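Below you'll find the structure I mean.
Order of writing sets the labels: A, B, C, D and E. Residues in every chain begin at 1.
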Amino acid sequence: MTGEHVPVSPIPVRAGRSVVLEARNMTRRFGGLVAVNDVSFDVHEGEIFGLIGPNGAGKTTLFNLMTGLTPPSSGTLTYRGQTVTGLQPNRVAALGMSRTFQNIRLFRGLSALENVKIAQHTRTRAGLWQGVLGAARAEEAQVERRAWELLDLVGMGDRAGELAGNFSYGDQRRLEIARALATEPRVLLLDEPAAGMNTAEKGGLTAFIREVRDRFDLTVLVIEHHVPLVMNLCDRVAVLNFGQLIAVGNPAEVQRDPKVIEAYLGGE
Amino acid sequence: QKVDTVVIGVAVAQTSNTALLGQEQVIGAKFAEKFLNGRGGINGTPFKLAFQDTGGDEAGAINAFQNLITKDRVVGIVGPTLSQQAFASDPIAERAKVPVLGPSNTAKGIPQIGDFISRVSAPVAVVAPNAVKQALKLDPKIKEVAVLYAQNDAFSTSETGTFQQTVKDQGLTLSTVQKFQTTDTDFTTQVTAVLNAKVDLVIISGLAADGGNLVKQLRQLGYKGLIIGGNGLNTSNMFPVCQKLCDGVIIAQAYSPAQGSAANQVFVKEYRAQYKKDPPQFAAQAYAGVQVMVEALKALDRKKKLNTYDLDDLRVALNKQILAGKYNTPLGTIAFDKEGEVIQKEFYVAQIKMKDAKNGSFVYLK
Amino acid sequence: MALLEIENLSVNYGAIQAVRGLSLTVEEGEVVTLIGANGAGKTTTLRAVSRLLRPVAGTIRFAGRDITRVPADEAVRLGIAQSPEGRQVLARQSVQDNLELGAYTRRGSVRADLYEMYERFPRLGERRDQLAGTLSGGEQQMLAIARAMMSRPKLLLLDEPSLGLAPIIVREIFGIIRELNAQGVTILLVEQNARLAMNASHRTYVLEAGQLTFSGNSAELVNDERVLHAYLGG
Amino acid sequence: MNDFLQTYGFLIATMMQAGLLGLSLYFPLQAGQLSLASPGFYSVGGYAAAILLTNPAFAGLRDTLGNGVFPLTWLAGAVLGGLLGVIVGVPALRLRGIYLALATIAFVEILRVVALNLTVTGGAVGIFGIPQAFGFQDRWQYIFLFLPLLLLTMLFARQLERSRVGRALRAIREDELAADAMGVPPTQYKVLAFVIGAVLAGLVGAMSAPFLNTWNAKQGTFDASITILAAVLIGGSRNVWGPVVGGALLAAVPEVLRFLTDWRLVINGLVLVVASLYLPQGIVGALERLGRPRPPQRPAPGPVSAAEVKS
Amino acid sequence: MEFSQFIQSLLNGLAIGSVYAIFALGYTLVFSILGIINFAHGAVFTLGAYFTYTLVVGEFSNNGLLKGVALFPNGSPLSGHPVTFALATLLGAAGAGLIAVLIERLAFRPMRSRGADPLLALVSSLGVALVIVNLIQLLVGAEIYNFPSDAYGETPAALSFTLGGKIVIIRTVQVIIFAVSLVMLAALGYVIGRTKIGKALRAVAENPTTASLLGISVDRFIVITFFLSGFVGGLAGTLVGTAFGVAGPYFGVTYGLKGLAVIVLGGLGSIPGAVAGGLVIGLAEAFVPAQYSAYKDAVAFALLFAILLVRPQGLLGRAAIQKV
């Protein structure tokens, strides 16, 4: 790991166990379909919180509600006591919640490096004239340095100049994580980060997520279908089915829950 | 640098929408070149024409003028087609001290652009009223009048002003004023408004295609009264549009093939021989533009041989000479006032008479 | 006779060589797995076979016929169908239209097949009129696979079929693979879930940086040290 | 030389002017906004200048300011362009792609019709007899106005691209939704890019009114919108040089082809077809491809100054 | 407003609108499949009219290179008027269709295969339009041509009836144009909405790569589309020509802007949208009170602007799908 001397996120304090996110009665309808149905839960500081459930259960939609991409039909989300629902996505990001996308949404025509630089937008200040007059050199240098660090972090330091769209599927996922981290989030939401990675790589991903969580002092929400990874990685797991929360608890509990087995895991 | 061959510039619209008018001017100018050179050119020395396409816009006109002035080294310019272009390009010639004769610019203010700018095309204010008077002669019962004009066309809007003033001056009622665009094709709305106003005279200021369509649709939808067309309709280009329905449209003209002067009769005869039809006004005016230049050059040449002139001096001298002379052109005898405005005595009013769907003529009304 | 024969295949993206001198065969009636790390060139290989990419060298033969230069739509008519990476469902068409378009090259009624798909993937049946673009990721994945099956291909190319699917559905997919294969459909499978894939296939090829590293019987390779270590997380 | 400038000076200045208009479209395009409103702002800027320079109401102002009135007209053009840019931009930028293009064309057309109907704008005839900037005698002298503006604008654009704001614009162009999710507020930056283009077009219009001697409603039309867009695309829309080269080229081709007389526009059309077929990334895009871009350089590691950490 | 006047304005609006609509049909067809604005459509529309004119009349006047050339020289077996107007119209439309296919071949396909920005098609189609328009002018001059006035046989020029004592009138040609645009709408609507061909076309429109992966020959469908678009455009050119005269080489090009407004208002790529958009704009123009007629064009565009703000995808267009 390079750049020991530049902490990417300057907050070193180890967090307590306070509640970071409170979802209350969050609901989203699409026409007659209730994709997310009256969902409430809490997420604690520093936790890795899994979200699982059958296809179409509403997991991604829930992420969209939480990050402002889709307005909820009703319900609220609060982040450290502040209401997040109703804010624009960029405001949510500025507050410190960042995500990756299930259907990868990189800036395909831009280089990996640019992708990561752009995401530092909310953490930088230079306005139009400062930029044009070259008065923001120090900030720019900082942005550049952070971007390289993050690329190194996901093992792409030597591919910084390649266009994001030319990366293979699995590599694009890694780049998305780096980009999400560049917003300096306090809460990171990962939508199927392991999709398209092989078993060995999934193992690596588990370790990686833990490491970033510790290093940047994050709270992580992760949607994933690969059960061993979820069980291994998460402190707690919530299960959605037909938009409703059918179980929340520690992985072992959830895995034994007959409702979960029936709806999701399937009988052996 | 001395002037070896005398080149006269012609800058008209050979492309773009405006080419419909420009191509008649090209024919007129080319005809002049052939005809006048055939009769000895400038006291025995043939002159040449240099054509530069102006397109339909201002930048095109400026470019054409610049090219004529510096590359083709012309002694004077006949052009451009549109008054709007003239406002852009004439100042170029003015500053370069090159005489310009507007062949078809009828808007107010053209000769006032500068000392070197004159025109052979009589301004609308002079021509248009004649048509109204003529219509009243044909039908003294006329009371209610509808006026229609192409609102995006510079010269049509100024022409309509004159028409509307004349209507008032003649004690007629202006029942409705309808506007359209030269690019319009469907005039049902305007026509029904006219019909509802129950007028007995309709006056149109527009260009050939829109004007023709307007006439056609007025007739098809049942308008029976008289129609007056402005300068833009003064072209046989209108015939294919309204075909038989063009019949009877009254048009005030600055030119008529029926004009009796010898100059015109020779012109018409030769023109007919070559193109199998009567010369249209725009061709005649372009011809007149070239002719005026040539005659002024002849006069200069008689005083002092042209090839002893410096080009710059020749241009200045030519301008003076143009303004000083009197010319027997197909338009009749014309001269210029000191600003460069044309002084033309005879104007004409004609009525369209269609032989068949395609062919017709402007019949001169006494 | 081999249904698919790839010889010396090389595919480039501009200056990037994604696949280099690859040779592999798939016998009629076989299930063959292609594994490899991210960026190894698996997708590129499949896209070359389905004729979406033009190889710079090598030949691709299908049922004895050289198809290296035929257009993609012709390949479908010959009997090759692909469930592509990234699903590529037609977002503005309904689920049903997507499926019917899957059967575009077939004549006659495809009703029975439609119902078969709805039976296999009840979720698609429930959503037959929903625009495919609004389906969840996993639902789209099911649609992509079902659509590929609709053409009744001789050779089915599956690019990471289990991607984004819940465990129950993954099991369903692998069931289908076995079933189809039993019906005589030949399958070339790219999968990250290597163990599952190898268990469901006859033979396996391992790709690294655009080149074949080793290949063999799936049953044997599954226990191979090198494979275990690199791809099975063992 | 003098003859050359006399003949081609106007053309050269026109080429620069076209390049500037291309750039005015390039800024919104940076943020992925296909706006064709430039001719509208250009036309308004021109009217502002033409009115200030000819209307009797401003005679006193002209007398007191002397040549100073010209910079004032530029300011007026720029400010008016910018204001209109905000007024049109804020609602219109909810639209995408061709829809936005058409909404902006609608704006241009509405302005054109309004200009035709007002008296201050001279109606259909327009305004003529516009006095020459700083008493310029020849068209080529306008190069003294257009060239510095062009260079400044290009410098501005290049600096912008390298800055935080430039990155934000690119992000929006690539994927508006993802940009939003990564903390870039799209609306704000889209309006910014739009307004920059509008200010520039208004300014160019104000400089162009004396340049063309006359100003009328034909200056801002659909055709102009399309020509400018074509110039940007032919030149290449991903690099500042693109609009400049494209604008200059499209202005020059019909003039250079004058020797073809009647065939001139036919060949001009063929040039457009061939250029778009063989230069899919535009001229500048094609040139860029020749020189492979240098991979980004890792910044030298080293102790970080206090200023840098502060951020 | 009196009832009869209302009906008159309604008829006027439909008359104006159906001209826009008939122009826009072919325009939107190409857009719906390729996602490109084909500026050459206006030129193809013009060509349709010129082709028909050539077949019906067979000679041109004296401004172009073709002056004096007679298609059916006196004494030849074809001299006289061998081609009826109806047949000539169809042949003219077919000719326009072939030209459209040629344009696709020469000006669009190479671009597609090079993966160019679809916007660039706008430039190349602009170039094509420039070539066609100026070639027409070179060949037959800039003057206005028209079909014989008996093109539709012995039909009256206008139809009229009385409503509450007031006369309401409409030109016969316009009724014909209106009817033909509805017929073409129905035919195209059927093909695109109801048939397998239509389904395949929609797939090509959405994603050509995926379409080819489903066995659809993208190139062939694009050719079909261009032929249809050219045919419909050429037919429209002739019809509009009979109504207003073939007003020179720019005849069709002048409809380009309104046409664009129409297809965008209707919803890009929507066939019924093109007709709806045309009629809406036509009606809007017809209902502008006479004293504000100067602002007629502004009204049409202001309406467009306003509608887009409320419905960013146009009247009948489908909203973009943004599932994250």
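Going forward, a contact is a pair of C-beta atoms (placed from the backbone, for glycine too) under 8 Å apart; a residue touches a chain by one contact, two chains touch by 3 or more.
As the structure is a computational prediction, the values presented were derived from the model and not from experiment.
Asker: Return the chains shared as contacts by chain B and chain C, ordered by label.
Answerer: Output, common partners of chain B and chain C: E.
Asker: Please tell me whether C-E or A-E has the greater number of C-beta pairs in contact.
Answerer: Answer to which pair has more contacts is C-E.
Asker: State the chain with the largest centre-to-centre distance from chain A, centres being mean CA positions.
Answerer: Relative to chain A, the chain whose C-alpha centre sits farthest away is B.
Asker: How many Å are there between the centre of chain A and the centre of chain D, using C-alpha atoms for each centre?
Answerer: A distance of 41 Å separates the two centres.
Asker: I'd like to verify one number: the distance from the centre of chain D to the centre of chain E, where each centre is the average of its C-alpha atoms, in whole angstrom.
Answerer: Here the centre of chain E sits 32 Å away from the centre of chain D.
Asker: Can you compute the centre-to-centre distance for chain A and chain C, using the mean CA position of each chain? Integer Å is fine.
Answerer: Centres of chain A and chain C (C-alpha means) sit 30 Å apart.
Asker: So what's the Cα centroid distance for chain C and chain D, whole Å?
Answerer: Centre-to-centre distance between chain C and chain D: 50 Å.
Asker: Which residues does chain B have that touch at least 2 chains other than itself?
Answerer: Residues 15, 151.
Asker: What positions in chain D touch 2 or more of the other chains?
Answerer: In chain D, the residues touching two or more other chains are 116-117, 177, 262, 265.
Asker: Can you tell me which residues of chain C touch two or more of the remaining chains?
Answerer: 134-135 - these are the residues of chain C that touch more than one other chain.
Asker: Which two-chain combinations qualify as touching?
Answerer: A-C, A-D, A-E, B-D, B-E, C-E, D-E
Asker: Which residues, counting only chain D, touch chain B once they are in their complex?
Answerer: Touch list, chain D to chain B: 3, 6-11, 14, 116-117, 123-126, 128-129, 137-139, 212-214, 216-219, 254-255, 258, 261-262, 264-265.
Asker: Contact residues on chain E for chain A in the complex?
Answerer: Touching chain A from chain E are residues 323-324.
Asker: Under the definition above, what is the set of chain E residues touching chain C in their complex?
Answerer: My answer: residues 196, 199-200, 202-203, 206-207, 209-218, 318, 321, 323.
Asker: Sort out for me which residues of chain C touch chain A in the complex.
Answerer: 13, 16, 35, 37-40, 43, 85-86, 123, 134-139, 141-142, 160, 163-171, 192-195, 229-233
Asker: Would you tell me which residues of chain E are touching chain D in their complex?
Answerer: Touch residues, chain E against chain D: 37, 39, 106-107, 110-111, 114-117, 119-124, 126-135, 138, 256-257, 260-261, 264, 268, 294-295, 297-298, 301-302, 304-305, 308-309, 312-314, 320, 322, 324.
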